[in-house]
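Labels A, B and C are assigned to the chains in the order they are written; within every chain, residues are numbered from 1.
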Amino acid sequence: MTIKVLSGDHAVAYAVKLCRADVIPAYPITPQTLIIEKISDFVNDGEMDATFMPADSEHSAMSMAIGAEATGVRTFTATASQGLALMHEMLYVAPQTRLPIVMANVNRSLGAGSGIWAEYNDSMPERESGWMQAYVEDSQEALDTIIQAYRICEDPRVMLPMMVCLDAFVLSHTVEKVLVPEQAEVDSFLPRFRPLNVLDPADPKFINIAVSPAHSMEMRYQLDHQMRQAAPMINLIDEEFGKHFGRRYGGMIERYRMSDAEHALITLGSATSTARVAVDQLRAQGRKVGLIKLRYMRPFPHQEIQEAVKGVKALGVFDRSIALNGFGPVFTEVRNSVYRQGMPVTNHIAGIGGRDLTIPTFVQMFDKIEQSANALERECYWHGLRGEM
Amino acid sequence: MSGKPMTIKSMPQDDQLISGHGACGGCGLSTAVNNVLRILGPNTVVYAPASCFLVFSAMYPTSALKVPFIYSAFENTGAVISGISAGFRKQGKDVTVVGIAGDGGTFDIGLQAVSGAAERNDDVIYVCVDNEAYMNTGTQRSGSTPFGAWTTTTPVGKKVQGKREHKKDMMSVITAQDVPYAATLSIAHPNDFVRKVEKAKAIEGFRFLHIMTPCTSGWKTEPSITYELARLAVETGMWTLYEVENGEKKITYRPKEMMPVENYLKLQGRFKHMSKADIEELQKWLCKRWNRHYNPNMVNGEGQEQKELAYAGEESEGL
Amino acid sequence: MAAQTIAEAAIYEGLEAQAFPFFGAERRGAPVMAFCRIDDKKISVRTQVYQPDMLVVMDESLLDIEPVADGLKPNGSAVVNTKLSPDKVDLGIRVKCVSVDATTVALEMLKAPIVNTAILGAMAKANDIVTLESIKKAIASRFGEHLGEEAGRINAAAAQAAYDRAVLGESAAQRPIVKKRAWTPTWQDIPPGVALGQADMNGLKVGPGSAFQVRTGTWRTRTPRYLREKCVRCAKCWFICPDAAISRESDDHIQIDYDHCKGCGVCASICPAKAIEMAKGAKL
């Protein structure tokens, strides 16, 4: 193990190298470029035995990853925002053909205004694509989650692709201390890739041809089943990761000061770090608040959340994107999970377009959550918004 | 390459695209694909984008292809075959990787991906089977559709009749990228066809095979004249046979004289509405291209002069 | 187009109707299905038709390769394009049956074996829901719109001629109606990844190469005859055959696989020695 000072993007690049990815097709986009630049350095310096493929677009990058993965090699690609949107069509192919590609997505707001800052409206719409989605809190977790991701994705009981999401700039370009494992440590944790279906002239198969209604429904249900089955595997592999590397993340979710919490907030991504500080401050004042860090949006930790919020009087959900005239996607999922448990659930939208998330923002969220336990004023708050809601 | 070039008599006879596929009777595309794959042999992996080829050769759970096959989308043939090739090469495996895309999937929506693969000089064979429209979706205009042709999106209306633009020169787009090998093929010239596929198979890097494939449903023709159409296309200059190897262009078949395009047009329902003026326009364009192709050293003239260089046929009377 | 036309005719009768194709990839020459549903009130059902009141068979060769009468109601009726009389038409079920040689009608009047308008005329003889007059009006409208007024008129005349020549009777029920073999695995059993290797599933071959079991020879309306003594053994027919239905003997004489030959005739057109000639009909 070596201590390095790395940005989130570079931590991802180190992880990909340690995971011995074979083929890496990618296309540059801010704020992801640091990842593929670093990987290009590794490859050109001979430190990494991989083929880096300069794609002509993100659509092509994902197409190349699908082609390469179908020959039985380990692939990686990275993108962000518009790049992910351009991949959209191809994203659906990888899970359905059960190609366990790992991708880093640096969350960046999508749409007019060309914002390059953190928001989740790029990756959230891809929840239905069949990709697993992890959201990480810091550079260390970025590195560790990539390593976990290959283990999870390539497990014969899962065989699905995963996008590991990290926040633009707050993580991608922020340097911090990262413990980089030795190659041998990773090798002993991550076995060689054993593909499910490969293109092999010695044993010809077709992979993905036209399917009529007579077969596609069973295929889709199988995929749904597979995604549900992935949740316990994520918990198991995180545990095993802990045994190998001496640190773990709780699997699907992490509970922070939840044992006796009456008012809880669910967060994801880098926001969790700042929210922890807010919880500590409020706890110091004697307020019974707690935090649940959501690590995965797909598979969604329905059971884990239901367990974690037992005894909670009011629950709040942080969202860094919004389905217009609706709620944030995390809120929608969480409320679906806990609706039988009866506590008020409120949605707290903040950090849109990369607006900075401060400690007072989270304190304000807890104020509203506490208030909702007595009287539900409204279901959805925007925090840090100028002008009356 | 050593020894005599391959001919239809000496080429491999094992089918990789076998009987039982669902292509229309008289489909030029299946002839082309069948023979390409016979020559490439069993150590081949095939990618097809959305296309007639995909639909007629493989409908779950059956398939008419014996070699491994993968599909994913429409616009990404160049990219997926690059990925497949990279995967095999990384493992040290010598497998021929071929992408077989239509004209729409190459000229239009797939242009970026094919150009990317050519620029990276990825070790793949890209086959464009060109039937001059989006046939799989029911004959819509593509960048390959010739001037004047009826398609469902260039209908014969009261005001406008057929396509108003000429066919894109896809070969020039590809050869401008200095690829190791690019060639045009015709199913009416079997030995030329076979030799070019054999040559492409032996070369390393990006190879492009552009095959004209008459389409009985989209061209509104009798299934039995598929061969005749492919032959006339070459005789009239609607198709030319050549290869470009490392930047050097070589004409591989030269018609004795240019046949008026009308002989080709009149066999096809898609052209039957064409006015005398439109045929003349197409003929002029063809003459210009004919001269540029077969007589590149002649002085470039205009209009009638151009035509005289090319052929001394009868004036068109319309169809 | 025929289903759409009969729907339009029903609407002229003041009825409600819908017409729709079997949603799937269609190829020229391949067997296809289309449905028409007629009612006297607004039709809400949008499912496919599984138990029709009336069956129309445009190509009698289908009777030998598809269980076309599967699901036909016992009190239903059938219209079949055939030279045979109704009692010789073996549907596998005894029902009211109208037989008509629509191919001959079409060849006489339209100069092409396109039977979809002529057969509509025969349909008028098999039912009392849609009259011949409405059918002719619908043909003139639909075909006229696409192909011009004259074409509409000729096609309507073809329907009249078919009506006049159609023979009403009862079909034979000799053959068993055997449902097509299909592999319909559960979600647990379907192989993962939309992928398949060569295998045998319920007697149905699947995976690469499995299409060989599809007998595309049934599409044929013309049949190549090989004149061995004229053959110059150039192998051009083998090269050009779009269906790999020609194989080469060791000395390059050829054999034709009639199970798969679609009868396109490209082999005959490329043959420099006229050693292949195309004969009318599905068999030699």
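One rule holds in what follows: a contact is a pair of C-beta atoms (placed from the backbone, for glycine too) under 8 Å apart; a residue touches a chain by one contact, two chains touch by 3 or more.
This one's a predicted model, so the numbers in the text were calculated from it and none came from an experiment.
Enquirer: Indicate, using Cα centroids, the chain positioned nearest the centre of all protein chains shown.
Expert: B
Enquirer: Among the chains, which one keeps its Cα centre farthest from the Cα centre of chain C?
Expert: A
Enquirer: Averaged over CA atoms, how far is the centre of chain A from the centre of chain C? Could you give it in whole Å?
Expert: The mean C-alpha positions of chain A and chain C differ by 53 Å.
Enquirer: I'd like the Å distance between the centres of chain B and chain C, where a centre is the mean of that chain's Cα atoms.
Expert: About 31 Å, centre to centre.
Enquirer: Between chain A and chain B, what's the gap in Å when you average each chain's C-alpha atoms?
Expert: Chain A and chain B have C-alpha centres separated by 45 Å.
Enquirer: Can you list every residue of chain A that touches 2 or more other chains, as numbers and ranges?
Expert: Only 97, 204-212, 215 qualify.
Enquirer: Among the residues of chain C, pick out those that touch two or more other chains and give their numbers.
Expert: 25, 194, 196, 207-209
Enquirer: Residues touching two or more other chains, restricted to chain B: which are they?
Expert: Those would be 55, 58-61, 63, 65-69.
Enquirer: Within their complex, state which residues of chain A touch chain B.
Expert: 22-23, 25, 50-51, 53-57, 59-61, 63-73, 75, 89-90, 93, 97, 199-201, 204-212, 215
Enquirer: Chain C touches which residues of chain A in the complex?
Expert: 96-99, 159, 196-197, 203-212, 214-215, 218-219, 221-222, 225-226
Enquirer: Would you mind writing out the residues of chain C in touch with chain A in their complex?
Expert: 24-25, 182, 184-188, 190, 192-198, 207-209
Enquirer: In the complex of these two chains, what residues of chain C are touching chain B?
Expert: 25, 27-30, 183, 194, 196, 201, 204-216, 219-220, 234-236, 238-245, 247-248, 252, 257, 259-260, 262-266, 268-270, 278
Enquirer: Looking at the complex, which residues from chain B come into contact with chain C?
Expert: Chain B residues touching chain C: 8-9, 13, 15, 17-31, 34-35, 55-69, 136, 187-188, 190, 216-217, 223-228.
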